[in-house]
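As written, the chains take the letters A, B, C and D, and residue 1 is the first residue of each chain.
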């Protein structure tokens, strides 16, 4: 069954820098934004861009991730002959191997892609937060007759050395890829979103598999190899909101960003919905002592305390006299009475006893709390 | 355990909700922020392990079909069993059945194809979060023909008046049905009946040109039937008028009531949606209220129920009100004792005030 | 969410002895019986036994298998809080490992089972053909108060030494497990279907994981260990049809068995349906020259030749003058005119040219034909 | 490409099939072994990339609802878009629309919520395996208001007589509609129309109390509209009488016809089932016949169509017949020129013979 374009979504990374959040959970499955998981954003982008044939490459702690994505129903990808497929490492007659890099994960699934005989292939990651119409990028790819199109965004010049920078001609044709350049020549950073002409990429993947010294990575190996062969490659400019939630700090920031008034990314955008699963919890309740400002609050929650500048997931209880600020509370967190919680990320089902004080303001990164480590962070009330 | 099949029969329920039921049947009336009345009964059945449920609908059944859809949200989208929404569509010229007997007669297949030996039958106007297991156990233990679930109420409220009352002996056997206002043992319209008996009574009702299965087939046959009364003592509501609809929405805002209905037992299931979390802005002020996902609140909300996707602008005030899906209340508007149906748009500066006894009602899609 | 019983379906084996049939395909996904795949029988057993929480353990070439089972819709297992889950090998913070044996596959997914806090666990394989009500076995398990119940069938005494034999007391209590005994004391062979009391099995799995010399296999390690500790274990007698389709010969036989009149297993049994996916092919057509006897024929096929004692899958064409006997033709096989095909298994999408003669009668095992090897087997017409 | 939305409008189709349509509407009539008439149109739409389809049903819509269900078998069980089965359920007392305009009027939402700018509209009685892409391209190229798909037939058959004929100029512009039996350019009742125009014509028809959207809104407005005629030259059938139903079933048994309808283009989709492969037993003898899954054949079958799950016992003979789902034909029975509806049981030794012109018909569930 022929498809013009097939999406390959890399969702197997361990996300080490997210620490506790990814201890038993694949990074794309981490809770985000009050009722979503990180991967919902890219899956919704595919669905809204009408790309319904998507392979999701999983490897690290995939149980919850698999349960979440299922056969893709929330994203309208539960289809008979195409739709969503979960591609995990497997064995074959010549043995099996784990996915060794982003490119290797795709290479090991060439037979999956070949089923659809696509013209193009979209390679994306399951750990970025953004809303983007891939069709527009595909249109540019076709118009320019590129072998590869890489989505880029402008970053401040003084931060450019932290990114993979694409050096382009005026027409956005790429002539060089600079990974974290000391003296950047440009400020267009790669967002890790690629469209390739499949026939061309396929050859590079097969070549790359043979190279023993390759790290089998798109940025480090495939793109440089293609540039080296003088292939026609273009950058695609993206102006909207984009965030890699790779660290606890950036994860926290991205959640807090959702509370901004004029963010270009909006969960309330009815033209570009973010899809996920919905629960059967009742509407949340704010009682006569509750106070909520500048926050997201979700079904099943019960607010008797004060919540400010925070993101609360489903079924969160905030006891009387408690104050929650600058924090993210995952599903089924229960905060007792007279607690103070600042700049903290509280993980699923943590029960916080009365009068607990957790103040993340004293640390560089927001603190991540679960039932096991809560005692380590519990300060003395009034001691802030 | 012998299995139980379900039937929600709304044939004899009228559309009591004035403007709110011009285009939907009573069972499809939105309630408590994200539900429809029928969700409570349907969830109770599913939560009790019933996995085949038929719905006998009357007119305006599109609202029910749209809401229940495939039944997937109630885990009833099954290849075998699941949900059967049965609107009135009959074409047998030789059919002489009347009233709800037409449903029973034309949908006999539903009863025959199941292996269940008992049927739990309910309307949509009795609301509780209950499981039928205990009533069913009792039904089997006592080998009753029919087991009626009754609610012993403390105070008789206006919404109880249309409900039958039940007299029973010390062993729970029903000795009489009445509408005696002094009798506080109120019938919930939920009952369990042996399937064979049901089919027999259906035949008998049809043969004698009857038109109401419960009244004619069961109540009037009391002398010949062994009918048990099973008392349910949890939190309950009867919704059968605008007044009871509004009052029970308000009453649910008492924390104890809210918790009894929603957190004491299983969750009540409803149609799922894609709404994001509620967004509270800088100046929002909300208290004693329930808010469904998708709302954006910048103004003041007190003692109110906000359904999905309601927008409350800056300096707008909503008190003692029920605001349904996707309503927009603009800057400076003031609403008190108001029911807004879906998609109502209240312009900037408007003031709408009803009374507690007779709330102000705005029908779907109005601009005020 | 508590469940009384959780099913664990082992579907990761390579099925080496099926040769070509499993070269690129997990054994449970091999076509069987005219429109099914082997795993449909066990999944349908679960569904008919009302066990709807099932983990399917995959490892070897799972792409088609995953696509086939999806989230379990054909078996009514597409549920929100339980239902079917595909459990493939994964990495965790301490690295990853492949499933090393039947018991190891379960051990690595203890966290999956624990979610449901089950009393019992059913362990089955995805490569057996049988129709069985696991509830009855569970009833016996409960009545006897066993720690483990193993399903057994009587085999002829002279074949008993080819099986894993359970030596039992008169009440069917097991006191010994004899793997392929030279001098069998009993003729009750294990069918590889186990019900365990989870609390008990869980301990044995954890102990077994620590043993370096263990092969991590139920039959070789777990059952003997439990017997060694004098646990109460019973055999459960099964009298119906059961077949392990582990070799090309047994695969062929099991297909041919479906043509028998009085087989206790029936695809037409409306009380115990075998569920699978259905296609959108039109009804099959037998033209004026076609002749079909003693065979299974499926949607989309076109019969102009003669078919006898054979199993034809979907979209099979048999040309004029061709004779097909004692054979299995997988989906979309096209047989030209004037061919003779005997005792052969023709794999998916093979196109057989006019006047081809394939005679499997001369070999010990039926021949397995695909597009690549067809020339090796093509004999001379009339040379039979 | 500008998108296309679909509408299957069976409001004005009558139930032509005597016993076979007592309990189902014409569109739900079983055809060709495993299909219903409506499957052909619906599949054509889906295979042309249309992913929102509404069905305006008339009476006896339960048969359509049961068959189409969630639309999943046509890949139309979508969260957005997908299938909308719209039975007549209207409750607006101020509604003055009549005929099929009531559907258009009461389901305006369907047209408004889509971003598609054109609508392909069809009935259920024209059967073909076609894609609408080329007609749509032509519709856009010529900037037509309406594009009618026509079939230039060689021989006028009885089933063509109720169909409109179309006169056109050399550029394909329609110059007239008629029922002239000499005109061999038969209108298929499939047309593509600009959505804005559709909504405008609906308003106009309602204002003037019209009751037939195509006849009153399009045909009678021909002078003001630019209407293209697009010729379709593949294999086609019109099924609108028992006679045409039977003859076309038989005609499909010609290998060329069968291949043209089923293997030339995409597959026709239908409700999937769980039937096993057909089991041919030792003494079966089958020729020039199509058999759907689930049949068990021991006897003789010639020039016949067997639907799912039919049982043909030893020495039974079936010739030139259409045998629907789950019929049982017992030992020694002889059937020639017969149509059996679902679940008919023909006892041992029975002989049923109809004529080619007037086949013997047995209604659902009879025992003969």
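In this section, a contact is a pair of C-beta atoms (placed from the backbone, for glycine too) under 8 Å apart; a residue touches a chain by one contact, two chains touch by 3 or more.
Source: prediction; values computed, not measured.
Asker: Tally the contacting C-beta pairs at the C-D interface and at the B-C interface, and name the larger one.
Answerer: Between C-D and B-C, the larger count of C-beta pairs in contact belongs to C-D.
Asker: Which one of the chains is farthest from chain A, going by Cα centres?
Answerer: Of all the other chains, the one whose centre lies farthest from chain A is D.
Asker: Starting from the mean Cα coordinates of chain A and chain C, work out the distance between those two points in Å.
Answerer: 39
Asker: CA centre of chain A versus CA centre of chain D: separation in Å?
Answerer: Their C-alpha centroids are separated by 47 Å.
Asker: What are the residues of chain B that contact at least two other chains?
Answerer: 77, 79, 274
Asker: Could you list the positions in chain A whose residues touch two or more of the other chains?
Answerer: As it turns out, chain A has residues touching two or more other chains at 74, 78, 275.
Asker: What residues on chain B touch chain C, complex-wise?
Answerer: Contact set of chain B toward chain C: 75, 77-80.
Asker: Under the definition above, what is the set of chain D residues touching chain B in their complex?
Answerer: 22-23, 59-62, 69-70, 77, 79, 86-87, 89, 91-92, 274
Asker: Quick check on the complex: what are the chain C residues that touch chain D?
Answerer: Residues of chain C touching chain D: 33-35, 74, 259, 261, 267-268, 273-299, 307, 311-312.
Asker: Residues of chain A touching chain D in their complex?
Answerer: Residues 74, 76, 78-80, 275 of chain A touch chain D in their complex.
Asker: Please name which positions on chain D make contact with chain C in the complex.
Answerer: Its residues touching chain C are 32-34, 73, 255, 258, 261-263, 267-270, 272-294, 296, 305-306.
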